[in-house]
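There's a structure below that I have some questions on.
Going in written order, the chains are labelled A, B, C and D, and every chain counts its residues from 1.
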Amino acid sequence: DGLAADFEATVARGDRIEPRDWMPEKYRATLVRQVAQHAHSEIIGMQPEGNWITRAPSLRRKAILLAKVQDEAGHGLYLYSACETLGVSRQELTEKLVSGKQKYSSIFNYPTLSYADVGTIGWLVDGAAICNQVPLCRTSYGPYGRAMIRVCKEESFHQRQGYELLSTMMRGTDEQRAMVQESVDRFWWPALMMFGPPDADSPNTAQSMAWGIKRDTNDELRQKFVDMTVPQAAALGVTLPDPELRWDEERGHHDFGSPDWDEFMTVVKGGGPCNAQRIAHRRAAHEDGEWVRDAALAFAARSREQVRA
Amino acid sequence: DGLAADFEATVARGDRIEPRDWMPEKYRATLVRQVAQHAHSEIIGMQPEGNWITRAPSLRRKAILLAKVQDEAGHGLYLYSACETLGVSRQELTEKLVSGKQKYSSIFNYPTLSYADVGTIGWLVDGAAICNQVPLCRTSYGPYGRAMIRVCKEESFHQRQGYELLSTMMRGTDEQRAMVQESVDRFWWPALMMFGPPDADSPNTAQSMAWGIKRDTNDELRQKFVDMTVPQAAALGVTLPDPELRWDEERGHHDFGSPDWDEFMTVVKGGGPCNAQRIAHRRAAHEDGEWVRDAALAFAARSREQVRA
Amino acid sequence: AATLAAYCLMLGDDALVYSHRLSQWTSRAPDLEDDIALANIALDLLGQARLLLARAAAADPSVVPSLPAGSPVPPEDALAFFRDDAAFRNVRLVESENGDFAVSTTRLLVVATWRLALLERLTQSTDAVLRAIAVKGVKEVTYHRDYAGRWFVTLAQGTAESRRRLEAALPLVWPLVDELFRTHPLEAAAAAQGVGVDPATVDDEVRAVLAHVLATAGLDAPDATAAPSIGPVAGGTGRDGRHGEVLSRLLAEMQVVARAHPMGRW
Amino acid sequence: AATLAAYCLMLGDDALVYSHRLSQWTSRAPDLEDDIALANIALDLLGQARLLLARAAAADPSVVPSLPAGSPVPPEDALAFFRDDAAFRNVRLVESENGDFAVSTTRLLVVATWRLALLERLTQSTDAVLRAIAVKGVKEVTYHRDYAGRWFVTLAQGTAESRRRLEAALPLVWPLVDELFRTHPLEAAAAAQGVGVDPATVDDEVRAVLAHVLATAGLDAPDATAAPSIGPVAGGTGRDGRHGEVLSRLLAEMQVVARAHPMGRW
């Protein structure tokens, strides 16, 4: 069948599929799920850091944090737009998010318990996100790839800001250094889980890679992240909470321990410390805003009528 | 007319009118207004001090403050009950309060801006209230008089606690002493206004005194309060913010300046710093609680039916 | 003595934080009678908190945060106002936000039933002070549980709206119930020494009481798929100082005046 | 220089406190576009606040609260995080709670219209720094006003519900409008020196703009009997450090981390 052959050829060449191109239904469905989950992660991801905007300890940090959370809203916007090119509206996706039918990255189900967490999220969580996302800039679906280019650029700016906050705090008081270490202790393992289950337990990876929606396996990305992060931790002066972590001369990589995959599954299934809170917050904002969105629609409809009349 | 004569004779003897006794309609109406206004003052009065319960700086003070605000709710309860003996329900009165149709003491339209205000309200506001209320223990209407006996006993306990807080703070740091002085500066004039306008501008006083609903004129009570408070202020070590304040040897009383009666009228008419806030708070609590009160009524009705069946 | 102190902090922090939440109902309750009742419960718990924090400080003065030399702040206040959230040992259920009256009633039913079971056993503690606190507390908390139980049944069988709200409240409260029975090593140690109670030992009893109230109300406990238990953070829960995001906000308010005046007298 | 510093604190505190309130909309706005727009406005005002507080500190270092020796906290942060509410000089309108989107929109319309009028005049200030801040601010606040104006008209003419909410919002915002035009002696002095603006001089212009927007929306300003102006406290208003009960709560949250670490680097 010619359409399918064209599609396969385009993907194989590393060229991009565009919204008007034919695509297999499963490719579309997989993409919608992946892009929506990514968009939802940006939107839910506003909460853990947003939790500290009103308590930022300096005006400079307050401005940086507010701008960062604002960027996350912007990423959510681009990604929802990318999804709309696949025929699914933001409204539909939001309803799937607040009803728990679509997921978001589990990392955001952990609480932020000190201002150091703002730095740690920038450094480790955005760092892990970048490892996941940089390959997606070359992903086969055009609108997604282009959105990812912009997202990745901003994320790496956020990562540097997070690292810079931690590094400033490490040059501060003993209490501040302890805050940073405590924060890293809490976020290290959840950050490693961001790459998803071990390859052996990740059945969809092969198809996604064939379609060019995914470019590296979970374990490859995880290794890359660990290798990248260990020297940064040393430069900061923090200890990563893994007694098995060490340089393996032969492999040319770091060996490291295994995250608690039971905890991962618990969080995925809704039993994380903040799952219910995050969804409830999003749902409340969505419901509280309904009358405003309705007013905007009614006003726009009336304005259009007046223009016609 | 015999009933009216009996009523007049009872009041003249200083005996009490009881709920089943005949009484002139105007006496009943005046009483309802006065007792309701007093009840509302207790209920609204929970807010300015309640504002500091969650920020009380010691556990002992937190317990004292919480118990005090609870006592105010209790006073509200007795006084609404006294009103009910005159044929007006708590529900009706509450609706008049939240719709702004009945007033409460204007003093509660001032904000509480520091923990010292908790002490100042106890010392000055409860002190002024006691001056107003002690004579009402002998008031002609039985249920009101008896409620006032209990209220006054608790109020004077609160007044001592307020004074004790201020006196402890005055033995603390310089900042604490400044907080006390600043608080007294803000509350002194509003406390003097609690006795109402000057006698010359208080047209209802004569009738209320004839009926034994009121026992002293506004200016008499104000003078009594000033005379009582000046030595207490000296003992505390605070300055009352009135340059005209001095002992008048001849009168055997203190001379003092005149409060800003324009401000008084502004606040009475709704333009005080917190009028709108206090009413909105009360209305929100009343509306938020409606479904609970409805549930209790429905449950009670069903339980009665089951008993009958 | 360190075990006793740590154990008293746990029970004391439960009482302190929960008292604070209940006190937020003041001037906001559905009716004056409930405003008074909730303030009473908050006062009882505040009283228990003060005795327990004082006992902790007496048993092991090293638990008390240090303040500037000459500060007149007593140990109970140093513990309440000068510790950060990570040093608080309360279970997460007591720090959660009040929600509406249905949520608050459901939570009070659960907390009071659990605390009553603990206090009943603590009347046999080998520590005489803790024993005395427990004897007094049992009377108080029995009233708390009965108050909550009456309202729970009333809301369940009141109106369609009250039942709807109560049904919505259950999945907000239940996910934090399992944590109440999770044994912290210090609780195990306190139980082994005879001063404290292992909360796992009251699990069956507490759940049986709750099941009875739910049955009377004609309601089911939420199922674990729809409302899964809220898991630990980095392996720890409230007893380890791992709290929800709400606690640091609660403490920011509670501690603000005290911290601004470390040399203050109140 | 003392007058300039005090005047900069007033405008800086307006921006700082209002930025804080606007930032509370983050992750809670009706739609993503508004989440972004409100954060933008909050960021603009935060930027203005930083410049104004820094100008105040430079003009008169004695306004900066003193911190422990060796503290690395810069003057803008010492001013923002280490003053108590009574030292804040913002008008009370900017500290009031957000309410719903109708209240927030109405308040933004009023505040932006007023601030724009002040900043336009400040582009002629004799102080070069203030002049530069004003030139930048005029562009920003013009956008704020237009954003609020568009939403105000949209809500007024959207649905019955949005109009009802907007009508309910007006009497919550209007009672704090008169205070915006009340001249504080320091504002009079700053105006006399040519560095500042007497807010009374923008009264007519601002009210005319608001009247125009109200007319476009088909609404009347609330009448003064139903929604009387909120009066002073002991003769003072926000500019005198006499605030509502909300400001000390806002600051308790805003300042909590900074105050816990007076020697901290961030």
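The rule we apply is simple: a contact is a pair of C-beta atoms (placed from the backbone, for glycine too) under 8 Å apart; a residue touches a chain by one contact, two chains touch by 3 or more.
None of these values were measured; they are calculated from a predicted model.
S.K.: Per the definition at the top, count C-beta pairs in contact and tell me whether B-C or A-C has more.
M.R.: Per the contact counts, B-C leads.
S.K.: So the centre of each chain is just the mean of its C-alpha atoms; given that, what is the distance between chain A and chain D in Å?
M.R.: Each chain reduced to its C-alpha mean, chain A and chain D end up 35 Å apart.
S.K.: Starting from the mean Cα coordinates of chain A and chain B, work out the distance between those two points in Å.
M.R.: A distance of 57 Å separates the two centres.
S.K.: Residues of chain A that touch two or more other chains: which are they?
M.R.: 55, in rising order.
S.K.: Send over the residues of chain D in touch with two or more other chains.
M.R.: In chain D, the residues touching two or more other chains are 252-253, 256.
S.K.: What's the contact topology between the chains, one of line, ring, star, complete, other?
M.R.: Drawn as a graph, the chains match no named shape, so other.
S.K.: With touch defined as at the start, can you tell me which chain D residues reach chain A in the complex?
M.R.: Within the complex, chain D touches chain A at residues 16, 20, 23-24, 26-36, 39-40, 42-43, 46-47, 49-50, 53, 72-74, 76-77, 80-81, 100-101, 153-155, 157-159, 161-162, 165, 253-254, 256-258, 261, 263-266.
S.K.: Would you tell me which residues of chain A are touching chain D in their complex?
M.R.: 43, 46-47, 50, 53-63, 66-67, 69-70, 73-74, 76-77, 80, 90, 115, 165, 168-169, 171-173, 175-176, 281, 284-285, 288-299, 302
S.K.: Applying the document's contact rule, which stretches of chain A touch chain C when the two form their complex?
M.R.: 48, 51, 55, 110-114, 182, 185-186, 189, 263, 266-267, 269-277
S.K.: Using the touch rule from the top, collect the residues of chain D that touch chain B in their complex.
M.R.: For this pair, the touching residues of chain D are 85-86, 171-172, 175, 227-234, 242-245, 248, 252.
S.K.: Hey, which residues of chain D end up touching chain C in the complex?
M.R.: Counting only chain D, the residues touching chain C are 84, 249, 252-253, 256, 259-260.
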